[in-house]
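The same chain A turns up in both complexes below, where it pairs with chain B and then with chain C.
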Partner chain A sequence: MFVLAGVAVFVLLWEGYKIVGSQDGTVLFGVRVLPRADDLSMPHLWTVLQRLGRPELTGGRPVWIVVLQACAFTFGITAVGFLIGAFVGLLLAVAMQQFRLVERGLLPYVILSQTVPLVALAPLVAGWGGTIMPPWATVAVIAAYLAFFPVAVGMLRGLQSPATSGVELMRSYAAGWWRTLVKLRFPASLPYLFPALRLAGAAAVVGAVVGEISTGTRGGIGRLIIEYSREATSDPAKVYTAMLGAALLGLVVAGAVSLLEVPLMRHRRHVEVVTL
Partner chain B sequence: MSAVVVDKVTKVFNQGRSDEVTALSEVELTVGDGEFVSLIGPSGCGKSTLLRLIADLIEPTAGTVTVAGKNAGQARRDQDYGIAFQQAGLFEWRTVRRNVELPLELRGMGKTDRKTRAEEMLELVGLAEFAGHYPAQLSGGMQQRVAIARALAVQPPLLLMDEPFGALDEMTRERLQTELLGICAKTGTSTVFVTHSISEAVFLSNRVVVMSARPGRITASVAVDLPARDEAARQSEKYFEHVTAVRQALRGVPASL
Partner chain C sequence: MRRFRIFTSIAAASTLLLAACGTADQDKTAPAASGGALTPIKLQLQWFYQAQFAGYIAAVDQGFYKEQGLDVQLLEGGVDIVPQTVLAQGKADYAVAWVPKALASREQGAQITDVGQIFARSGTYQVAWKDSGITSPAQFKGKKIGNWGFGNEFELFAGMTKSGIDPGKDVTLVQQQFDMQALLKHEIDAAQAMSYNEYAQLLEAKNPATGKLYTPDDFSIIDWKQNGSAMLQDAVWANTAKLSDPNYQAQTVKFLLGTIKGWAYCRDNPEKCRDLVVAKGSKLGKSHQLWQMNEVNKLIWPAAGGIGVVDDAAWKQTVDISQTTKNQTGDTVLKKAPEGQAYTNDYINQAITQAKAAGIDVNGTSFQPETVTLEAGGA
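And then the complex of A and B:
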């Protein structure tokens, strides 16, 4: 319901701007502050939808099939990257929770890792990994590199969330590190884990798309965006179909996380989580 | 055999640092089997510290703590005591019954036995029909009762309670006091009860141990001898005499009883 309302608002804004906006964009003191509203920069939404139904190249398959196939390919990479990233993030969080020294030594680097520009890093990963694994796997590694971060930070906070009384209670039951982790810290961290997983899902999509582009991996939605954008001058609607595909991918990943969340978070309070 | 023997225990926090604090100094305390002992004193007198030492949640700097004839660490590993804190500290992701089952689960008790025992305990605290509820659906007093049921679940010979009724309103507090006495009488449990309420200490205890701060020491021990512990007892002259005695001991006046 609200999703549909959101789509409606977006359509109104897009088409509304096309009506009122200047064809050449609004230029203030030599700087273009508002984008061009012509059909080349902002094609009508129905043109984009129509483009989905027409063949990619003359006599080829319809664009929507190509886009969906590319989405499926990238989804596979995203899923692998997401799982690796979530797992690594989880391990890091557990290590940081358990050893104060690890937290103090590692956390700054975990944060630092995300300030390295992805476009600079991706070719390096491709270069290192290119000889030992297929191209899709290097892209998955890049996706994992982005995805592990929110999980590590969010999970750390979640694992640290139980009150002293809970920890002391477990100690009074003579429960060791592992049983305290399983019976207390993991369940307590769930409200922190799911927002982190949602962020990680989005990050994995971005990582996979950008990774595909900068490593030149064929078959995915990232590659499709690059290919279609080359035709932007002659066929402006085409590149938007690929972007629509990327957005769809993000929705599917977010949906998958929610699917996991709904049964596990029933009866649970939700916490406000700020993950940097 | 005494339930608890605390022998010349000293506890210093942050030893050797500028913020060194002597929380307890040469404390001696013996709790007999089946005895109900309250620790009372101003904040910072180390009464919670003493309870935590008995529970082996922290270790003494000097002296020894013996619980049920063993050192405190062994007693903890054998789960010879049940503990309840001021905050009920229930696990919100578990139902009431599964919360009570937690210590049994960690002891490796089988599923059906666990369920039976948990239901017995909930019956004892009068929450049998709430077994399937989640803690968030319960009032503060009910949560505290679940915490007590959880502490009693392993049927420990010793019950340690750190201001368990501190956060409750007066009505609930008095009702739970009566319930607790009933449970202790039924199960024959020895109890160490930390509180800062004089009336609560007197009403519940066989003995009220009065402590003073900086450094935490035991300054007096007031034996409480009430013929009965019911609503009438709260109004009795004897009760008020004991309240006065404890109050004077807290102020440093030698006890007259």
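And then the complex of A and C:
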């Protein structure tokens, strides 16, 4: 319901702006503050939908099939990147929680890693393609590089969240590091893990799309966006079909991550009962 | 135990996902089969497959490289892939790159040499609306001039400087996107365009006033070839250090011979080469690719000195402009004249001799461009 309402609001805003907005956009003091509303810049949404149904090229497959296939390809890359990233993030969080020295030494670099521009990193990683891994895997590495960060930081916070009394209780039971981790710290960290995973999912999508654009990896939605955007001169609706695909991909990934929550939800209720 | 199940379910879901991806991607990553005693070669292109690289695609498809005992794998470019850097890092055996950009990389330490100047002429235009009256760079004064930047802008800047315009003061420079919408929307007065790509995109767009496609009569072209500020573009670059190895030398001659045959084939069979490019999965349409094939042929043929031979005068002009023309930030492409072996005709001349012996027309003196009709959207 709410999703449909959201779509309706978007459609109203888009088409509404096309009616009231100036064809040449609004320019204030030489700076364009509102975009142009003409068909070249903002094609009608029904034009975009029609474009989805028509063939990509004369005699070719319809655009929607091409876009969906590209989405499926990028979804694969995103999933691999997300899983690698989440796993690495988890390991880092556990290491940082366990050893203060590691936390102090590593955390600044974990944060620093996200300030390295992707455009500098991508060609470097792209060079691995074809030699030590297939080209699509290099894009997954880029996705993982973005995805590990929220998990590492969020999970560290979660692992540190149990109250001192809880830790002391575990100690009084003569529970070792592993037992404390599994019985106390992991369950306590779940409320932190879930939003972190959501962020990681979004980051993995961004990483996969940008990685594809950057390295020119064929088959995915990122590559499709760049190829269609070059045709924007004569076929402005086409690039929006690819963007729709990218949006769809983001939604599917967000949905998939939410599915992971289902078993966790049961647990969270359990925690609440205990704290009450 | 319940907690354990949670993590097991996550792990199971992950494994399923991984497995799904593994099977889905297999057909896309088929490794290049290297049969028998063929030498594997990697050629880094500047961009996605399009007719700009038709000669190499044809040479692979028609087996011209195989005849030479080479198994050539073409590597597509991307937004952040710099061919000459890939070559200098040893991740490719040869690369296709524009001369000024490759020379700039050379100055920063890339050990590369131009061994085959496939495009003898520049394909860069500056396109304006015909009704704007702009026909020469001198008329750019006070106008909004689109350019791509990133080292693609120096022919434009040299052309303006030659006409007495200060690119930093007399014009408003606008960073252009991949498409030509800015010109169509009159946001800029003149747009940078390649004869074989962006210019064709203009002619594939519908004129909202007439409901028909724009025609060449709607635009005026400033062609840098006629303004003395053209620079050399697509060339085959090889690794300088490896060129001292007799094996790599022999391989370079073989590679260039296959390349010559490929481009000669595309000159004589533009439609077939168009089909080869389309079959490679280009997203640009058929008529667009044929237009591109035809325009690219014009940049190569006729080749008076033989295809791929570096013309001293054109090289000198390219280097001169690279050293003297300043862009808006005051930078030149090169700080000093290229040192060492920036280009050599040794290998291309050997390849040309062999090609002639095999009955290949390496000059294309009788080459006549076609008239290509573009369809809406290039389809």
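The rule is simple: the second predicted complex is superposed on the first by the 263 of 276 C-alpha atoms of A that agree within 3 Å, B and C clash if a C-alpha of one lies under 4 Å from a C-alpha of the other, contacts with A are read in each partner's own complex, and residues count from 1 in each chain.
In this section, a contact is a pair of C-beta atoms (placed from the backbone, for glycine too) under 8 Å apart; a residue touches a chain by one contact, two chains touch by 3 or more.
This one's a predicted model, so the numbers in the text were calculated from it and none came from an experiment.
By the touch criterion stated above, A:Glu56 is placed in contact with chain C alone, chain B being left untouched. By the touch criterion defined above, A:Pro187 reaches both chain B and chain C. The wider contact with chain A, measured as residues touched, comes from C rather than the other of chain B and chain C.
With both structures placed on the common chain, the touch criterion links A:Pro134 to chain C but leaves chain B unconnected. Of the two partner chains placed around the shared chain by superposition, chain C is the only one that A:Ala232 touches, whereas chain B remains out of contact.
Once chain A of one complex is fitted onto chain A of the other, the partner contacts of A:Gly219 are limited to chain C, with no touch recorded for chain B.
Shared-chain residue A:Gly154: touches no atom of chain B or chain C. The contact surfaces that chain B and chain C form on chain A in the two complexes overlap at residues 183, 187, 267. Interface residues of chain A, counted against chain C in their complex, comprise 24, 36, 38-41, 56-58, 72-73, 76-77, 79-80, 83, 119, 122-123, 126-127, 130-131, 134-136, 182-183, 186-187, 213-219, 224, 226-236, 238, 259-260, 263-264, 266-267, 270.
By the touch rule above, chain C contacts chain A in their complex via residues 2-3, 5-7, 9-10, 13-14, 17-18, 20-21, 24-25, 28-29, 47-48, 75-82, 85-86, 89, 91, 177-181, 184-185, 198, 201-202, 204-206, 208, 281, 283-286, 375-379. Residues of chain A that touch chain B in their complex: 163, 165-166, 168-169, 171-175, 179, 183-184, 187-188, 190, 267-269. Residues 52, 55, 57, 76-79, 81, 83, 85, 87, 89, 91-94, 102-103, 105-107, 134, 136 of chain B are the ones that touch chain A when the two sit in their complex.
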